[in-house]
Amino acid sequence: MKILTKETAKKFIPWFLPFTLLLGWQLLAWTGAIPERILPAPSKVVIAAIDLFSTGELLSNVSISLGRALAGFLIGGIIGFVFGLLNGIFRITDLLFDTSIQMLRNIPHLALIPLVILWFGIGETSKIFLVALGVLFPIYINTYHGVKNVDKGLVEMGKVYGLKGTSLFFNVILPGAMSSILVGIRFSLGVMWLTLIVSETISAHSGIGYMAMNAREFMQMDVIVMSILLYALFGKLSDVIARYFEDRLLRWNA
Amino acid sequence: MKVIKKDNYILIEGLKKSYGERQVLGGIELNIESGEFVAIVGKSGCGKSTLLRLIAGLEPADHGSIMVNGQQLTGLNKTSRIMFQDGRLLPWKQVIENVCIGLPDSEKIKAMDALKQVGLEDRMNDWPAKLSGGQKQRVALARALVHNPSILLLDEPLGALDALTRIEMQDLLESLWMQQKFTSVLVTHDVEEAVSIADRVILIEDGVISLNQPILLPRPRQRTHPAFSRYMEEILGKILNRSSPKISLVRELQES
Amino acid sequence: STDGSTEDVIRIGYQKNGPLIILKTLGTLEERLESEGYKVEWNEFQAGPALVEALNADSIDFGRTGNTPPIFAQAANAPFLTVAAGKSKFEGSGILVAEGSSILSLEDLKGKKVSFSKGSSSHYLIVKALESVGLTYSDITPVYLSPGDARIAFEQGQTDAMVVWDPFTSSTQINMGAKLLIDGEGYTTDRDFFIANKEFAKENHEIIDIVLEEIEKSSDWANNNHGELVKMLAPIIDIDEASIEMAVKRRVYGVDSINDEIIKEQQEIADTFYRLDIIPKKINVKEVMDD
Amino acid sequence: MKILTKETAKKFIPWFLPFTLLLGWQLLAWTGAIPERILPAPSKVVIAAIDLFSTGELLSNVSISLGRALAGFLIGGIIGFVFGLLNGIFRITDLLFDTSIQMLRNIPHLALIPLVILWFGIGETSKIFLVALGVLFPIYINTYHGVKNVDKGLVEMGKVYGLKGTSLFFNVILPGAMSSILVGIRFSLGVMWLTLIVSETISAHSGIGYMAMNAREFMQMDVIVMSILLYALFGKLSDVIARYFEDRLLRWNA
Amino acid sequence: MKVIKKDNYILIEGLKKSYGERQVLGGIELNIESGEFVAIVGKSGCGKSTLLRLIAGLEPADHGSIMVNGQQLTGLNKTSRIMFQDGRLLPWKQVIENVCIGLPDSEKIKAMDALKQVGLEDRMNDWPAKLSGGQKQRVALARALVHNPSILLLDEPLGALDALTRIEMQDLLESLWMQQKFTSVLVTHDVEEAVSIADRVILIEDGVISLNQPILLPRPRQRTHPAFSRYMEEILGKILNRSSPKISLVRELQES
């Protein structure tokens, strides 16, 4: 019984704050303290969501964005991962690339758009490129950090016991860096969605980022707020995914 | 199991090693014959582990050379396996997987055997974090043994084991060595252990070898053999006399 | 970009809040161009500058903007031509103040916070309006915000006045009860402009003429079917019908070919922006006008 | 001699890639392969920079942005750090706040602007708020990860030896988490500059983000490219700063 | 230095502890008097460290109770200091700072003393990573000693030390204990060490105490005392006999 309540508490406590906020907001809206036009009540937002959902618009926006997000995530994630590994392991690639990557990472997507359009046009490529760029760095930096911090003694042990190349990598370096890499993945799963709002300003007519920016343009506060909530949910979702992998891959650390 | 190893002799000449200002090894001269069992003793911090690391090729020497089978050692010594003083189990691998590290797939069955020999077959699927200190040490030992190396370097392999387990493990080591005749270098703080298992006991003092004592006892060794305690006295005497004023203790030990 | 077929494509950039959306929704251009062996690719942009950006990068061939983006494009040597203009639509552009505001005349704007989007037609409008009563640009505190954000700041009382265009004007008037201090009359015509990639315009003159013709036709339809037009636009722009109705009723859709008067209007904007240091060099707008 | 060349090589190799790129670009511009209007030659960009510099515009933009950036960094950094610690240490705050923070982190700044204007107006507060929000999460997530991964054995040892509260924190937990925290700081020093491009679209008249977006609006490619390069340099700068602290604080790990 | 500690007796009753399915301690009954020196021996993995952790209050028992000075132990045992089997030096603190951990500022000078006593005063400013295995262990020992605890729990404190250093450290422990009369529980795998330093030696087998042997030798202990080897035989015999068929070895040892 007690364990049961503890387990349920664990499930519900995290949602306490979001729901309290929602409730407070709804109450404030009802009492009229927040003017409807400016910040619609959660109930209105839900209605807007149902509306968009029933027309299929919401689902198609989300699924289009999801496609872009995943493509970008895969490309950027893999590149970031590979560079993180290389630079973490080899002194020479570290010297060659790290500075460049640290510089590249600091270029705002919004400022890059003119160049991205020049290079990739206004089609899907540019959108995916921007997502990839955004996802690259959290994964890069955490992979790099993870690899650099693998216990030197264990690497030495691995080498002495005849591991090298891929076997050293898969048996020692990767598992040793895994916990840090997962932080990078968690972060970049969020960034993946975030970047869409910038990349979908490039001549898009669908996608969740487009939906949000479009709503902002025409001051559809209910849609803006709905997009924000949707993004928040995706944030939680990326967290759940990352945690799932953590639980699986870091079992030994429990 | 393979029985005869090819030549695995080690020639060490004028070996020096410093860490920063601190000279640890100041000219080690040591020849180890193929199939010989050498034990190294010495005070804490005298450079035993360092010497083993140099033989394993984990660190470069500052001066001097190490020849393995007539070949100058540069980089990792591929014919050797070292069991580290600090165990170094991979925390993300279960016990059996830790023992399997670096084994070709075809020999993985041997890992289970080795685990049985160190008495931990029932822990094969545990994470290392769940083991006691001595259990971890035995897993590391099993890992070193299962590789069937030509040169086996052991850095205090039994330091965390109780009397009984320690004797069992010494017996295990001795019998494996008698079967396979690998060249073996054992670092230990236990002089009795050194005398009861090694062909030769080496004492490192002030960075050089100050005693190089062949143990000419028949095998299997009997601790009751009259010469056994003479060897121990000799070595302990050298250790305790030279560097300590506590003569009384030495005397006690010598008298016993 | 072609999709591998031999068919030619015209890539049109449009904004939701502009005349091309009508043409797109009616779908008449596709029918017309199909017989010419052309396909139409519609690309949506949220703002004029972004559309010009894409035109500059050769990602679209044809598009519509307000009256200021072509000025910037020309200052940046973008390879484009202005192929036609829209009708004057100054009634829907103006300076809004809150109901009961103490600002009763242009003179009262002195020292006030006025929001508009930088470099837009509203920017030009406020400069002209200030000049007309002997004030200068530095007499107000400009607050650069895009229309949506400006509206929030305005409703919150963060700004004293807001310069904007339809349907933002009408929506603010209707939903917030804001008042138009002045509209654009006498200050600006606030026309649309149709621009095309220079090379494309030279090589496909007939196609552009067809497009302009179709715009003309759709405009005629729009001018004559306000009821249906409002119904068409409301879900697309997603603003209440009343606001859209107000907006469409006070403008005329259509296409004017470039004439001296239009060139003069544009040159005036360019000169003003140069004076205000918004563009880095003096330009002659005639150079990019296709007449 | 040899050490000298090795040291200098270490200094120069990282700049090899950026300079090769710049050189290639300049050459392409000279040969006319890249039209001026699309991507101005580096020399042109330098001229634009000198121009902006000599009028004092560049300096004032950068210094205004710097003020916003630092204010936001301090606020967001401290909040992220504190929550990272609390949630890393205490089960209950973890349950209470982590989910909310994971959700909050995924809300794009661009979509948030309407709400930010609503809450904080159009002044400096909103700009600093956005920077703080951006900086918060990398620091939060890495602090959290760092604290969670401090060797449990060492914490136990600390407790047994009478450390508790702040002394446990400063002697064991903080140094144990430091390497991960520094990754967060490195990341957020970049984000600090990045966020400005969004926050300085809120009624700004100056600042580097404003400058970049303004240039984009007015299609001044030389200024856009200059801003991009400036951002890149700031990225390198944040890296240098983070590395300095790593060298100082992680000496024991050398 | 303080000389007399207040009562520090420990009463352990029916103590049980399991990890998952595996029962480690199955009903330990043990009374330790104030100021007594108890040594615990037993096979690797028999639960020695676990018992120490329970006494230190680092883990809750499943059943039974531990009373310290008449008070039921809940949570951390604040009167005790434990020296862990795995050292646990803070890698980011220099040797001297590691010894100072948890000391009030006024007593920090004592850290230097303690470091001197374990023979590492010249390493005070080194990082732990630069120390040898035995040196690390001695730093951990110094850290435990400097706290002057009422109850000192030592988990194989000398396991990595050579014969000489080991004897020095045993002497150090004994003399400190004679001065300060703290209650002391020493886990060791070395029966000789247990007999030469403890008032009582306890053997854990199968989760319970199977031998509880007071050592009634005069102090300072003489290894030459005729009773000394009888005690060792007794205890070793119990260890080796019960759980191993290698009677020959036992006999050897008993005969020696």
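Lettered A, B, C, D and E in written order, each chain numbered from 1.
The rule we apply is simple: a contact is a pair of C-beta atoms (placed from the backbone, for glycine too) under 8 Å apart; a residue touches a chain by one contact, two chains touch by 3 or more.
Worth saying up front: this structure is predicted, and the values here are computed from it rather than measured.
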item	value
Both-way neighbours, i.e. chains that touch chain D and touch chain B	A, E
Chains most often in contact, by C-beta pairs	A-D
Centroid distance [mean C-alpha coordinates] between chain C and chain A, Å	36
Chain B and chain C: spacing of chain centres that average the CA atoms, whole Å	85
Centre-of-Cα separation between chain E and chain D, whole angstrom	51
Shared interface positions of chain D, touching two or more other chains	38, 113-114, 118, 216, 219, 221
For chain C, residues that touch 2 or more chains besides their own	53, 57, 146, 148-149, 152, 156
Contacts with 2+ other chains: residues of chain B	86
Touch relationships between chains, expressed as pairs	A-B, A-C, A-D, B-E, C-D, D-E
Contact set on chain A toward chain C in their complex	35, 37-38, 113-114, 117-118, 121-123, 201-205, 213-220, 223
List of chain C residues in touch with chain D within their complex	49, 52-53, 56-57, 72-73, 75-79, 115, 118-119, 142-146, 148-149, 152-153, 156, 158-159, 278-280
Parts of chain B lying in touch with chain A, wherever the complex brings them together	56, 58, 76, 78, 80-82, 84, 86, 88, 90-93, 101-102, 127, 129, 143, 147
Chain E-touching residues of chain B, taken from the complex the two chains share	19, 41-46, 48-49, 85-86, 130-135, 138, 155-156, 159-168, 171, 189-191, 222-224, 229, 236, 239-240, 243-244, 246, 249, 252-253, 255-256
In the complex, chain D residues that touch chain A	9-10, 13-18, 38-39, 92, 95-100, 102-108, 110-115, 118, 137-138, 141-142, 145, 149, 179-180, 183, 186-187, 190, 193-194, 196-198, 209, 212-213, 216, 219, 221, 224-225, 227-228, 231-236, 238-239
